[in-house]
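Listed below are the structures to be examined.
Below, subunit A partners subunit B and then partners subunit C, in two separate complexes.
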Partner chain A sequence: MRNTFATYHPIIEFGFFCVVIGIGMFMIHPVFLAIGASAAFIFAILTGGRGSLKFTLCFLLPMIILITVINPLVNHQGATILFHMRYSYVTAEAAIYGLLMGMMLAAIMLWFSSYNKVMTSDKFTYLFGRIMPSISLIFTMVMRFIPNYKIQIKRIADAQKAAGGGREAETLKEKIHSGIKIISIMFTWALENSIDSADSMRSRGYGLKNRSRFSIYRFDRRDGMAALFLAVMTIIVLAGCISGACHAEYFPEIAFAKATALQTASYIAFACICYFPVFIEVKEVLVWKHLESKI
Partner chain B sequence: METFRIKNLTFTYPEKSRPALCDVNLDINIGEMVVLCGQSGSGKTTLLRNMKPLIAPHGKLEGLIEFYGTDVNELSQEVQASRIGYVLQNPDAQIVTDKVWHELAFGLESLGMDTKTIRLRVAEMASFFGIQGWFHKDVNELSGGQKQLLNLASVMAMQPDVLILDEPTSQLDPIAAGDFLTTVGKINRELGTTVIITEHRLEDVLPMADRAVVMDGGRIIADDTPANVGAILAKKKHPMFMAMPSPLQAYAILFNEGMGKELECPVDVRTGRNWLTKLMAGRTPSVTELKADEESLPKDPETGKTPEPSIEMKDVWFRYSRNDSDVIKDLSLSVYPGEIFCIVGGNGTGKTTAMSLAAGLRKAYRGRVKVKGRTAMLPQNPQILFTEDTVREELKDGMGTMATSDFLDVERLMDSHPYDLSGGEQQRVALAKILQTEPDILLLDEPTKGLDNELKQKLAGILDELKKEGVTILMVSHDVEFCGRYGDRCAMFFDGKIITTNAPRTFFSGNSFYTTAVNRMSRHIFGNAVNVDDLVELIRANE
Partner chain C sequence: MSEHYLLISILIALLALVPFFVKFERRNVQARELVLLAVLIATAVAGRAAFFMLPNFKPILAIVIIAGVALGSESGFLVGAMAAFVSNFLFGQGPWTPFQMVAMGVCGFLAGLLFHRYYAKADSFSGRKKLPLLIFGAAAVFILYGGIVDIWTILAMTPHPTMATVIMVYGAAVYMNVIHAGATVIFLLLLGGPMLRKLNRVQIKYGMNEKRCIDNM
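Up next, the complex of A and B:
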């Protein structure tokens, strides 16, 4: 699926996810969670489409309900008792806290699902290659070999099966035996191939001093603006969180900090951060609508 | 000055008494395209690798290799990496990174170039090779042909003076191989890069080459223009001429019988056609066709009846998952015991899938697949069958049976590690291994891939032997020359089904594009010559 946010510089993308997931994890606050979860949901739909919707409905919603139900069963803090059970009781605070926890988990999982779509492996290696150049090449190679090995294992399994007349292993013992066989073949094959890989690397000068790093990413003006915007918004949110303007308490009774200008500013700033990818996507769509209408 | 100047080069591998290269003298001029040919084990790879000490094998080296007047062993690693480009055989194993763009930049990164320079070089290479379309892709999404092109491009990005290619197309199908070799030709012509290449597929590469060098047993036995080399081999009656393109083979055979001695040696279909025209000039051929072989099904020697088919498919449909499109569409096919049935056709038409249906690896969702007897399949890459440390261990279940019979010629390999064997030997051991299960039906996927002509003949002998034992052989291949010569029936696969099935002679003389080189070069005079023997027989008949 087309995804405008993914065209930004990796550092912006990585920073964005750090902020939304970080703040989302520590701020158990209804307004923050509502903003975070809704934005995460919309963005997940934008990046993942139907699959994300299915994931939310079939897995995340039941998970939220489950946590809402289980939390008050094990957590008996809270002043407002909803009802008594035989040896126990359920409090409204614990139920609400459970609901919020569920939403937080759901939001984080949704952010991660978008993270996987946006932050492809090459972006990750690009970012961390600066800190650890040699590790980053190994990481790149691993990213190359894992899918390669998967295909090869399938090939080996097929070949083994077809060589023996298409018979499947039936008993557990047979299955284990054939599994070990496949892995041992895989191992030999991988070693054999790595000789070629090493030759190919050496032949192209790997191991020379002063290796440089190339990437196709460029930090342009648009990235600069986005970085500035997100940084300012993050500072406002952090100010709100640290100063206690957005404080929330659940036990024994639910209590929120008094409404202040800083609190409102934090809410708005957090919304600006979370909805940033959605906003640019919508903007892109509108720009194209406008351009196309002119043709 | 020459790009390479090799003087009295002798190379011996450790613990071997016989040298792998023996007194080799070779000059490679700037901008030349040289084809190095020779049977497996003739020392081609050893020679090529010694030209780039970074990847040279260990062993004792005598003599001298000069690169632009400097001993290669005195070149710095940097110079070797950037100025001597080397492309290896295996497209997959050579790729190091996960993205196409990163792979293109890999060598330039090693040389420590800055981002701006790399950006330009990579852009240039991507444009030259037509890679723009898949520049951002993961390398795993590429086809084998694309992978090898990527390897070539990432070597060329370093702007080498010479490009060394060691059997670069042996893992590719003919179409991809043709594209690859065309690109190599383009590099040579348009960039002036010196090219040294070893190849089995001489039909594609010889016509482009300035010179052909033939090696045998570590020595150079011929070094001349491709046409002259053909003539030299013909005079010497050297077995290598069987590996030459078919027009050259036909020339060589007739040359030794005193026919066409005054004519120039043909190297490809075009020159072969002209040669034949000249040879037959002024004569109206009385015999233009060989007896057409009717589609003969194998007969039971006692009853004289055609036996029950061992593989029978009727109206078979298959796809990999519900939402995919059909790969096999309405396929019907019967294969009988004691025949070699060849399926030819383009890439991605479903040939290999059809075979895996017969092997029981996949299940058809509609139609009937009836397989009578035990099947065994030889995969394209025989290595993936090996589990043991020695060939003896691999074959211990089948001692004394068909698996260790003489015709497989595996006896002398018994104590080697399967991975240390050459491609042809590995294939024979793999074949022996699957024959241990005493299969009734043998399924072969591209059995001639990466084999040179001598090994192909050997394989044909083995298949013939198995056929006599009553084994059903179904093979899928791109190698029309092989199928035309050794198959009993050939079938054209297209769009998920078999379009036509016939005996090879009728089959290939009916096709105009998908047919053997001999048929293409002789069809204007002879009706149904498919292989070199046919052509020679027809020419003799008109003598």
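Up next, the complex of A and C:
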């Protein structure tokens, strides 16, 4: 899949997701939600392709509908009564609020689905290696151990099969027992191995002072520009949110803050942030097409 | 009227993790302990991945509880929180991650707090002495893990949780939590003995935990 955004510096990517998810969760406002959800959807399609489309149609849409239905059933605030049921009633405000909540959740899930594609574990380790060195190291080791264990489990299972004269576990009880046996053997091997790695780490100077670190990420001019752009836009949006220019109220009646210049500015700024990855992707494609046409 | 329960609860969950991580970073951890923790986390994650075909029937919390019992409360918390975090790289990160991290961390922490001394001897997890840990395992999964993780479900469903929502969500989760608790008890029963024995042996053999060595003299 195309993913120019993933070539940016990890700090930009992490900051971007913090901002869009943070503001997306905080602002239950139709304009913000429309911008956020549409951008999240397009970006998820760009990074995830068909899988994301399927995820949206089969899981997120039913979820939005479910929340829209459930919210007015349990939440009876609101002035406009749509209809009475036997012992309770349903209000328009609660239904609309439920719809917006559903959209918010869908947007966040879509952001996370791109997050999983963009922020790979190596980038995460790079970002947090300085603040939390021990935990990042554990994290890196775990990521390496898991595929190792898979291979080792295969070996143990084969050996067990050979030792058992080729007879495979048949009943459920046998299967569970053989599974437990394999895990137990694997665990012994892993523990012995871990001591070897620890000794090896020590002999190579783990924990000594003044050791430098290597990473392949470089913060270049492009990253600087992106950081500046996103920071300025975030400040505008935050100004709009905190000053109350983008305030929205749902209970007892739906009411929005009056349209002001700051309000429009924060809408535009939020759109600039959310559509940033999509924008650079489109730009990349256009530049490529242009260069191709010159050949 | 506050509409931001969801965001605030996620922030609280994240903040709850900070003191444990900071304490761990401040303590100059030896390489051997570090690798041992990584092994436990990886085993827990591999366990969750290995049983992917059986929803909710996972050994991950049983392994976290065993880690807490063998290594103490702080390591238990770390193994739980990290196992939840890392396994979500395989199963998908989301707003639920901090809740799962806290929930599993607390299970590991309490297991260590309550049973680290109780199962100090190498072969102490046997016969009737198994019972307290099994009961704890079931209760921890059902009440602590189910309770904490479903806070996210409740707040995702509605911004103004009422008693009705809470009862509905927890009621719908009973079935899943029962399977999960049952799985944890089964795995504790089957894995508890050998894993605790092996963890004790490694700690004593390589002198990683002086107290454990004295206990087993």
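Everything that follows uses one rule, which is that the second predicted complex is superposed on the first by the 254 of 295 C-alpha atoms of A that agree within 3 Å, B and C clash if a C-alpha of one lies under 4 Å from a C-alpha of the other, contacts with A are read in each partner's own complex, and residues count from 1 in each chain.
In this text, a residue touches a chain if its C-beta (ideal position, glycine included) is under 8 Å from a C-beta of that chain, and two chains touch if they have at least 3 such contacts.
Computed from a prediction, not measured in an experiment: that's the story for all the values here.
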| item | value |
| --- | --- |
| First (subunit B), second (subunit C), both or neither touched by A:M101 | second |
| Which superposed partner A:R202 touches (first subunit B, second subunit C, both, neither) | both |
| First, second, both or neither for A:N75, with subunit B first and subunit C second | second |
| Contacts of A:Y115 with subunit B and subunit C, given as first, second, both or neither | second |
| Touched partner set for A:R211, first subunit B, second subunit C, both or neither | first |
| Subunit B versus subunit C as contact partner of A:I156, first or second or both or neither | first |
| Subunit B versus subunit C as contact partner of A:A227, first or second or both or neither | neither |
| Partner chain in contact with A:A92 - subunit B first, subunit C second, else both or neither | neither |
| Common interface residues of subunit A - those touching subunit B in one complex and subunit C in the other | 121, 137, 141, 143, 184, 188, 193-195, 197, 199, 201-202, 206-207 |
| Of subunit A, residues touching subunit C in the complex | 21-22, 25-26, 28, 67, 70-71, 74-75, 77, 97-98, 101, 105, 108-109, 112-113, 115-116, 121, 132-135, 137-139, 141-143, 145-146, 149-150, 153, 176-177, 179-180, 183-184, 186-188, 190-191, 193-195, 197-199, 201-202, 206-207, 251 |
| Residues of subunit A that touch subunit B when the two form their complex | 121-122, 137, 140-141, 143-144, 147-148, 151-152, 155-156, 158-166, 181, 184-185, 188-189, 192-197, 199-216 |
| Residue ranges of subunit B touching subunit A (in the complex, touch as defined) | 52, 54-55, 77-78, 80-82, 86, 88-90, 92-99, 101-102, 105-115, 118-119, 122, 138-140, 151, 154-155, 158, 356, 359-361, 374-379, 381, 383-387, 419, 433-434, 437, 439, 443 |
| Subunit A partner contacts - residues on subunit C that touch it in the complex | 1, 3-4, 6-7, 10, 21, 24-25, 28-32, 34-39, 41-43, 45-47, 49-50, 59, 78, 82, 85-86, 89-90, 92-95, 156-160, 162, 164-165, 168, 186, 190-191, 194-195, 198-199, 202, 206 |
